[in-house]
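For clarity, chains are labelled A, B and C in written order, and residue numbers in each chain start from 1.
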Amino acid sequence: MGATRVIETLVLSLLLFLSGSSATQRQKTRAGPRLPCKQMVFYFHDILYNGENAKNATSAIVGAPAWGNRTILAGQNHFGNVVVFDDPITLDNNLHSIPVGRAQGFYLYDRKDYFTAWLGFSFFFNSTQYRGTIIFAGADTLNKTRDISVIGGTGDFFMARGIATLTTDAVEGDVYSRLQVYIKLFECW
Amino acid sequence: MGATRVIETLVLSLLLFLSGSSATQRQKTRAGPRLPCKQMVFYFHDILYNGENAKNATSAIVGAPAWGNRTILAGQNHFGNVVVFDDPITLDNNLHSIPVGRAQGFYLYDRKDYFTAWLGFSFFFNSTQYRGTIIFAGADTLNKTRDISVIGGTGDFFMARGIATLTTDAVEGDVYSRLQVYIKLFECW
Amino acid sequence: MGATRVIETLVLSLLLFLSGSSATQRQKTRAGPRLPCKQMVFYFHDILYNGENAKNATSAIVGAPAWGNRTILAGQNHFGNVVVFDDPITLDNNLHSIPVGRAQGFYLYDRKDYFTAWLGFSFFFNSTQYRGTIIFAGADTLNKTRDISVIGGTGDFFMARGIATLTTDAVEGDVYSRLQVYIKLFECW
């Protein structure tokens, strides 16, 4: 009798605990260490069209403020320039390595007194290793590393969410730049 | 006595199991079949401004590379063209059906040697059927079907996440195109 | 004996309940009241470049349809204009308050017969109060209040998701506008 009562009490507590955790979950406040469910490192290579490199260029200025044009990046930290890109993605930092995918989308320079940019792009994979897309959005800066958001994905990256840490790996003038992208997914389906 | 001990053991196991599943949840790795919590099919109709159809056009070129202009899509698979659109959404594939909403946003052509585009747009609903927005981002290609991401939503689609499968339903020259959008939400609040 | 059996039954029911709730979770249909896990109110201030205010302007037209230019917003509710901005964020509605961050990104006008716009931008914080970014996307309208989506975040806003309610707080001609942004996060890590 006493034992059954103890059971009842414990089971009730558990059920309360469960419904409690379920309520918390609706609000989804998470505590504790953050562990990625998937991690990957890639490099992508951007060659900006400058009027003379039509053959090699992987990106082009497509928008500019009234004081700019579409061949030379505008003054004031390129404020207002919109660039569309289709850059090869490689597993190491060698531009000539076989690409495993394409980084495709746009960035726009959005600060006059300092360099910052807004990025919206996808990693597009169609290889034996990966198939699908990872969608990114966020703010790029001159910091050594900066985090942008992984806001979605398809195929192998179905419903992905997470963070991508960008590191500038090389810059050559206004034309060539190479970014390291360290992807940490925290939602994997 | 023995029974109470059994209870304690079982309850402890359960609590461990619970905290275990709670830890997994923080990382959110999901296994098993993927079941949409909501599915919908829509069509949207794009009529691109070509210099002569100002009255009917629902979209316009607003960005172009140095070698392009804003009336004719640029060469090299339109690389660098940015298009803003405000397209009617219908429930069937008839352009003249009563629209249930508007597809509004932009796409930009982002590949030279092949057709691909990057899309950022909303479905905007303000009817008796639906009220609110669904936000999309992702990569469009020439594949028969291609998946983009549902990255958010408001109103009836509060906090939505999922996948939208695009199928080109009709193309007439460079001016008219119709897309079928099959939306599968996997997060519904 | 009887007690042990009761325990077994109850524990089994609990495990079934647990696996059941786990299955529901994979599909993530949530019911019940929606409680934000974090709420914040900010203001941001936009001064659009009009050819004469280069010094004060915080935004500039960088894309326009064939019938527009980059100094004056185009006719037909500015359809096709793309604007890049870098606007100060303040805690109150005073343009001259010390900014706590920058609102950076773009908007594009996307409707001919009515005012609507598509927004993609970040709140960028690097102060003692906040460090990190909040990423937004969605549809802006002439409604008194309108909701856009919080699609991601970094730093203090790691993995954030939610809704931001925009209210136009002031408009002075085509140049100055001030938005109140009431952020409600429903996913906090």
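In this text, a contact is a pair of C-beta atoms (placed from the backbone, for glycine too) under 8 Å apart; a residue touches a chain by one contact, two chains touch by 3 or more.
For each chain, UniProt lists the protein as follows: A, B, C = Dirigent protein.
All values reported here derive from a predicted model rather than from experimental measurement.
S.K.: Hey, what angle do you get rotating subunit A (Dirigent protein) onto subunit B (Dirigent protein) on C-alpha, to the nearest 5 degrees?
M.R.: Going from subunit A (Dirigent protein) to subunit B (Dirigent protein) via C-alpha fit gives 120 degrees.
S.K.: List the interface residue numbers of subunit B (Dirigent protein) and of subunit C (Dirigent protein), divide the shared ones by all numbers used, and answer same when the ratio is over half, different when under half.
M.R.: On the two sides of the subunit C (Dirigent protein) and subunit B (Dirigent protein) interface, the residue numbers are mostly different, under half being shared.
S.K.: Between subunit B (Dirigent protein) and subunit C (Dirigent protein), what's the gap in Å when you average each chain's C-alpha atoms?
M.R.: 18
S.K.: Note the residues in subunit A (Dirigent protein) that touch 2 or more other chains, in rising order.
M.R.: Only 3, 7, 14, 18, 25, 30, 34, 62-63, 82, 120, 137, 151, 186-187 qualify.
S.K.: Spell out the part of subunit C (Dirigent protein) that touches subunit B (Dirigent protein) in their complex, as residue ranges.
M.R.: 3-4, 7, 11, 14-15, 18, 22-23, 25-30, 34, 62-67, 79-82, 108-112, 116, 118, 120, 137-139, 141, 147-151, 161-163, 186-187
S.K.: Applying the document's contact rule, which stretches of subunit B (Dirigent protein) touch subunit C (Dirigent protein) when the two form their complex?
M.R.: 3, 6-7, 10, 14, 17-18, 21, 25, 30, 32, 34-37, 49, 51, 54, 60-63, 69-71, 82, 84-86, 102, 104-106, 120-122, 124, 132-133, 135, 137, 151-155, 158-159, 186-189
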